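Order as written gives the chain letters A, B, C and D; numbering starts at 1 within each chain.
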Amino acid sequence: MIASAFKRAKTLPLSGKVGLTLVLFWLAVALFGPMLAPYPVGAFVAYDVFEGQSAAHWLGSDYLGRDVLSRLLSGARYTVGLAAAAAMLASATGTALALTAAVGGAKVEEPLSRFMDMLISIPSKIFSLVLVAAFGSSLPLLLLIAAITYVPGNYRIARALAVNLAQMDYVQVARARGEGRFHIAITEILPNMIHPLLADFGLRFVFIVLLLSGLSFLGLGVQPPDADLGSLVRENISGLGEGALAILAPAVAIATLTVGVNLLIDALPGRGKGR
Amino acid sequence: MAGASSQSGMKAALSLIGKRFASSLLTLLLVSVTIFVIAQLLPGDAAQEALGQSATAEQVAALRHEMGLDRPAYVRYASWLTGMVSGDPGQSMVANMPVAGVIAERLPNSLLLAALTALVAVPVALTIGIGSAMNRGGRIDRALNIATLSMVAVPEFLVATIAVLIFSVKLRWLPSIALASEEMGWGDYLRGVAMPILTLSVVVIAQMARMTRAAVIDQMDRPYVEMAVLKGVAPVQVVLKHIMPNAIAPIVNAMALSLSYLLGGAVIVETIFNYPGLASLMVNAVTSRDMPLLQACAMIFCAAYLLLMLIADVTAILANPRLRAQ
Amino acid sequence: MMEKPHVEVKGLTVTARNAAGERFPIVSGIDFALQRGEVLALIGESGSGKTTIALTLLGHARPGATIAGGSIRVGDAEISTLDRSALAELRGNRIAYIAQSAASAFNPSRTIMDQVIEPAMIHGLMPRATAEAKAVDLFRALALPFPDTIGARYPHQLSGGQLQRLMAAMALITDPELVILDEPTTALDVTTQIEVLRAFKAVVLERGATAIYVSHDLAVVAQMADQIVVLSQGRIREAGAAAQILHAPADDYTRTLMAAARPAIRPTPVKVALPAAAPLLEIRNVTAGYGRIGKDGLPRVPVLRNINLTIERGGTLGVIGESGSGKSTIARVIAGLLRPASGQVLLDGEPLPPGLDGRSREQFRRIQLVFQNADTALNPAHSVGQILARPLAFYAGLKGNAAHLRVLELLDLIRLPASLIDRNIGGLSGGQKQRVNLARALAADPQIILCDEVTSALDTVVGAAILELMAELRRELGIATMFISHDISTVRAICDDILVLYSGTMVETGPRTAFATAPFHPYTNLLIGSVPEMRTGWLEESHAGAAPPPIGAAGDHPDLCRFLPRCAARVDGLCNITPPPRHGLDKGSAGASRILCHHGDESLIAS
Amino acid sequence: MSPFSRRDLIGAGLGIGAGLLLPDGALAASRPRVGGRIRVASLSSSTADTLDPAKGALSTDYVRHYMFYSGLTVLDRQLIARPALAERMDSTDQIAWHVRLRKGVTFHDGADLTAADVVWSLLRHKDAATGSKMAQIAEQFAQVKATGRHELTIRLTGPNADLPTILAQSHFLILRAGTRDFRTANGTGPYMCAQFRPGVRTLARRNPNYWKPGKPYLDEIELIGIPDEVSRVNALLSGDVHLVIAVNPRSTKRIMASRGHALLETQSGLYTNLIMQQRQLPTGNPHFVAAMQYLIDRPLIKRALYRGYATIANDQPIPPFHPYYRADLPQRSLDLDKAKWHLQRAGLTGVRLPVYASPAADGSVDMASILQEYGSRVGLKLAVNRVPADGYWSTHWMKHPLGFGNTNPRPTADLLFSLFYKSDAAWNESGWKNPRFDRLLLEARGEADQARRKQLYGEMQGLVHDHCGVGIPVFISLIDGYDRRLKGLYPVSLGGLMGYQFAEHVWWEG
């Protein structure tokens, strides 16, 4: 199993290998980061704020004199976990609804599409603001907000794909065989949407990372002392003028994570066929 | 375009506009109900927020009565809706002036910023998208791919802050805040919004460029493209004259989607550059629980989105002779 | 006269890159030469490299492929050494290309005229007005309707045959010295093909251009070529003068091709004598189409009108007609995919629910549909085993080992190795896919299979093998078949009964013997007469597709003969005024057919 | 010299001689220049911006109101009430106050200021429909009556020696009688309203007829709000604005590094406090309160959160630079052993408690993190619950056993104690009840003798320090940033931007 995965990884183009390496690296950080962190995430360990690189603090100290490396190692878990979970939730929901619309006919599609129009037209950050104000900030709520925000985008793409695929001969054959709608949606249509949906997933992932950092700007984010990568950038923004590592490190982390995910997905074999 | 077909194009577009109008009304209604319901869940109301911590109970009651907040929720919604239908979005509870007036002050700002950003971002996105499509798989394509991905990945506030540090604090070329006032000329205005435009562009360009690339590549393997090449058409002309007319529909659609972000999604940019736009107005409306204002903003964002989608669809019709004829 | 050849290809090799990044040749060692004004045909099955070779003459290789070696000389130009801009200068100017499917090779968003004169414009050969005038002349010469205004139209407003001729106009606008025709009639109906071939012959060849004609169809090539090069798997099997190849092929492969082009007539299996039980399948007065059903009981876009047919147990009905005639719609109505606007479908005498809803699983099982294009009819996400196992599980509840064994049996039945069971559809050849497509229908253990053009997307040899397989299966399993095709010779070869469909109406029905002997309905006659024969000079002799006699304005009766506009036997004052009757047409020992026409036997023979 | 007789002059003054008016070193060094235009950024800007002083809720409002209106009194930099529109204001019993108005003062529309305007301006606070932030304070106005064209009497419900100070607050600025339309301002202030766009900007032009001769100096002030601190500082550094309020201590390094800019530090009584609800357990347990107070690392908070721009506090609300400050209370400091001991006594070791913090209460989120960190070392598990600023005061503040509050400086000790520490005060955050404290408070309010007052207030500080359920780690200094060409700024501990009253005093040397 691992050997075959390794073999498949070897066939990836260079960009895919780079992407895979980055993704694996961040997955490892998400999984083991908190264990590797040299200091507790909330500990005030440096006397000065925005310290530079030193032996004690590899990535310097943050705006309160906490260890940036430790915070980064712990923060990655939130970003990777939240963004991946939200992107999956959004994709799963959007795709499920799109399939429902594709096989359900106009009576199902019309209300669904209006509903999606509604979701998409309410600015996501303001929507988040309202929801957090109404329900209080919590990880599940953040997850839900990010997912809800990106369901309509996924729905649009998935629906376009599904409606096209629903016209394919093999779907007609399945209908003529007497197959139910559920079977058609799941077995006949869905597998052929996977590749374009994966590419979409990659972009959604980026957007969600971005949304989370945007939310942290508005003060809606992970509960302190923890912070996702976006919040780390945000809370240290006043160090930007002095080029503090505290802000550069999480920004680079976000960039490598999102670029890595997309390089990997772009390089997966079989892409482009579904278009 | 022949006269007859452009006429049939208009007809098809008009009938689409007609159909969309009805479904748009439905969407708007849905949005207003949703906003209203969610806003009911928010703690506190406009009266409490306006009076603040120090308010006495009588004061709150008096203000509630004045604002009409002592009526049941459905009555308030119904009265808002009847007002809206007759073209009156009501009175802002907090600013003590008609919502229409408050909006009228901000809407042009938002529209202008969005339009200018589109003006910058669309050509850049098209160039990047087409450029990478033409070099599909090549070095330029890969470099642009990583560049656009990285662009999406950088938080807006970071882009904005870096831009401010460089262009206004360090170089002092551009003002760090967008000051919209009537006495300034266009030159000052453009200087003021240069960085907001830059920041917003970074956000939307990447997405639009990627969609453009996909749409162009989608057409590149079509036989008519090979035919054009075999006719001796130069590569750039192949893209501009042959591929673009066919790729324009998905591209415009993606652009419309991205551009709809420029109105409501500009919260952070409006905040950082202190630009008096609609998004921050809506945030204001949320925090002050100013329902009529909140609703009005939501309606505008929703209508803008629907309008952009309609424009995209009409473009698709006008670009496609087959749809035009229908 | 040992003139220097106009076009000369020597030692041509084209390579492609496989998934592992290694280069391998897709064509190699290609040599041929032709004199100015000659037509050379490249013939072979798909994958033989014929199009690849043709494109090298334009200095073009499709994405992934590279011209790796050899020399390609056209006139004084050595194509393989030219750079991009020099090639662009040549293309569409001195060397023109006519693509396989004009319908997709025309840009859907631009007007015909724009595209036709574009080569002249980009090469700066003449002012726009001159080019447009020249284009109109060409339209006229190519016998296109409304030559003065057709240029303002868009591709989707024109038929395939018209587009193919317009593409010829586009190629000829610059008076090229070499024209490459890449399967220019393959996508067309026979009746259209003959018109296009005539136009090409008249205009392309008569102008003295040298031409390379790519085709898989020997009979078509026979009409056009001076020389023939037979290709297989990227190599030349045989090359020579047209007459020699056609009449005295030296190579085995060429002979196989020739044999496959002439379908063998298969004997009708002895019918089981049946009591007067109801026929297996019966269609009564079915009218169907798309869109809302209007007051007159017709849908907005009617496709089928008043269709009646029966298929006996184990019988084979051939349904023939050109594209758009509604033949596939019959299958869709039977399968329940399309609700008829009126009429009934009966299975074993029992009326079937009109749509999918309400049909029992058993009813579904007994009728199986096989689509034309196995590429789209088989889900690319599934493996061969999954595809075949699904009907087993769905209808018979077979699972696990029992299902596996049955799948192996089915593979054996369609002559595919068991090792393919875990293969994905993408890894199969066209013929293998079509076999799987067929096997999936068989897996349901059906009583009738509706075969929609199951061989038309395949190479002749492969298609012949599929027909062979179907005949065998029919013999062994006794399954009834409805065989939908546009190719009358195939239908005549394998079907018991034949139904000719024109524009949604049945114009002639009868046993297959009746279709071997004149007289025929005028449309049947056109169909039969349009099938090219494998001899030179047939095109000039054939009358099929000749211009119909003049006729006055048609009345407004909805049931007027629909073939009227193209009918060579139409009668002014009758056909354009009165709806035709349906009546028998006796053909003596060959049996009788029923036709929808004013003519009786005598008048038809006379025409 | 002063028009307020010494006996009547009751404020929270530092006891500096009343004769010293505006003794500013900078002022002596250079003479004010007239002219110039500056742009000032405050920290908020929204549709709730108002020109109605009674509704003023935020610093932007206060600044705006002080530009356009004048009050009866004004506080100087020592927080001593000085005459403004009131020429004299005296009382013998601290109940009935006689006010004589300055003559010849005109509103921006040209009308003369009369006693009727003042009566109307004060009484409107008692009308619920006005929505005044000072409605509670105004309840003590038993009667306000004009006794002549420029004379009036204010009768209070009880003695209050602080009335002149109270009336100096921006909410009690004087309007033209009958004003209902607040789309523009009609006051007697140093500037006239040229434009007011809520949430966008306020444009103020010099009032040539201002009643203080020679003032103001600037031709025009544009007041905008930049809520984002980083943007605000950037705007200052890039030269787009010339004066900003509320600079984050973390940004001070950047401003100090700029040659053209300087900081104005104002030590103030502003504090963010931990609230431990006394009416419920476990937060009501005195051992718990003590444990929490010992867990507060005040120097760390001062250093890390405020980079030194703070004064260490001692769990009572009167800052060390206040004249009534009681210096002999023992200073509490971080003591994990004591905290652990108290926690064990309270039986709360190992208990998990949520603590609510919000950006709405400045620094509370980080303070909570610090508490959490030290708590974990003594076996107390605090779960920080950061809630959005939006709705914090209505939904969370005082609604949880453990949370944070944030208290702005008040002009008098009486106001502070009455609003936040009196047993029946609406904002008695911790819900403590101390009858002795309440008695002392009433007594001090009517007491005119400064020494006695200081003694009374000192005892009250001790009571809060020992018994109240609040932890006050530091007093937060207010930091403004300004362009060095802007002259005449000095700190007034009531708030940033010279207690929001910079407009009248500053001038431009550009």
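Just so we're on the same page, contacts are C-beta pairs under 8 Å (C-beta built on N, C-alpha and C of every residue); 3 or more make two chains touch, one makes a residue touch a chain.
Keep in mind it's a predicted model, so treat the numbers as computed, not measured.
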Query raised in the report: For the chain pairs A-B and A-D, which is connected through the larger number of C-beta pairs in contact?
Result: A-B
**Report entry** Centre-of-Cα separation between chain D and chain A, whole angstrom
**Finding:** 45
Query raised in the report: How many angstrom between the C-alpha centroids of chain B and chain A?
Result: 23
Query raised in the report: What whole-Å value do you get for the distance between chain C and chain D if each is reduced to the mean of its CA atoms?
Result: 89
**Report entry** Centroid spacing, where centroids are CA-atom means, of chain A and chain C in whole angstrom
**Finding:** 48
Query raised in the report: When you check chain D against every other chain, which residues touch at least two of them?
Result: 230, 390-391
Query - Where chain C touches two or more other chains at once, by residue number - result: none
Report summary line: In chain A, the residues touching two or more other chains are 129, 133, 237, 240-241
**Report entry** Full enumeration of touching chain pairs
**Finding:** A-B, A-C, A-D, B-C, B-D
Report summary line: Touching chain C in the complex, chain A uses residues 168-170, 172-173, 175-179, 187-188, 191-192, 194, 273
Query - Residues of chain C defined as touching chain A within the complex - result: 335-337, 356, 359, 361, 363-365, 367-369, 371-373, 376-382, 390-391, 394, 440, 444
Query - chain B residues touching chain D - in the complex, by the definition given at the top - result: 42-44, 48-56, 58-59, 61-63, 66, 92, 94-97, 102, 105, 161, 164-165, 168-169, 172, 175-177, 179-181, 271-274, 276, 280-281, 284-288, 290, 293
Query raised in the report: What residues of chain A sit close enough to touch chain B in their complex?
Result: 15, 110, 114-115, 117-118, 120-126, 129-131, 133-135, 153, 156, 203, 206-207, 209-210, 213-214, 217-218, 230, 233-234, 237, 240-241, 247, 251, 254-255, 257-259, 262-263, 266, 272, 275
Report summary line: In the complex, chain B touches chain C at residues 2, 5, 221-224, 226-234, 237, 241-242, 245-246, 319-322, 325
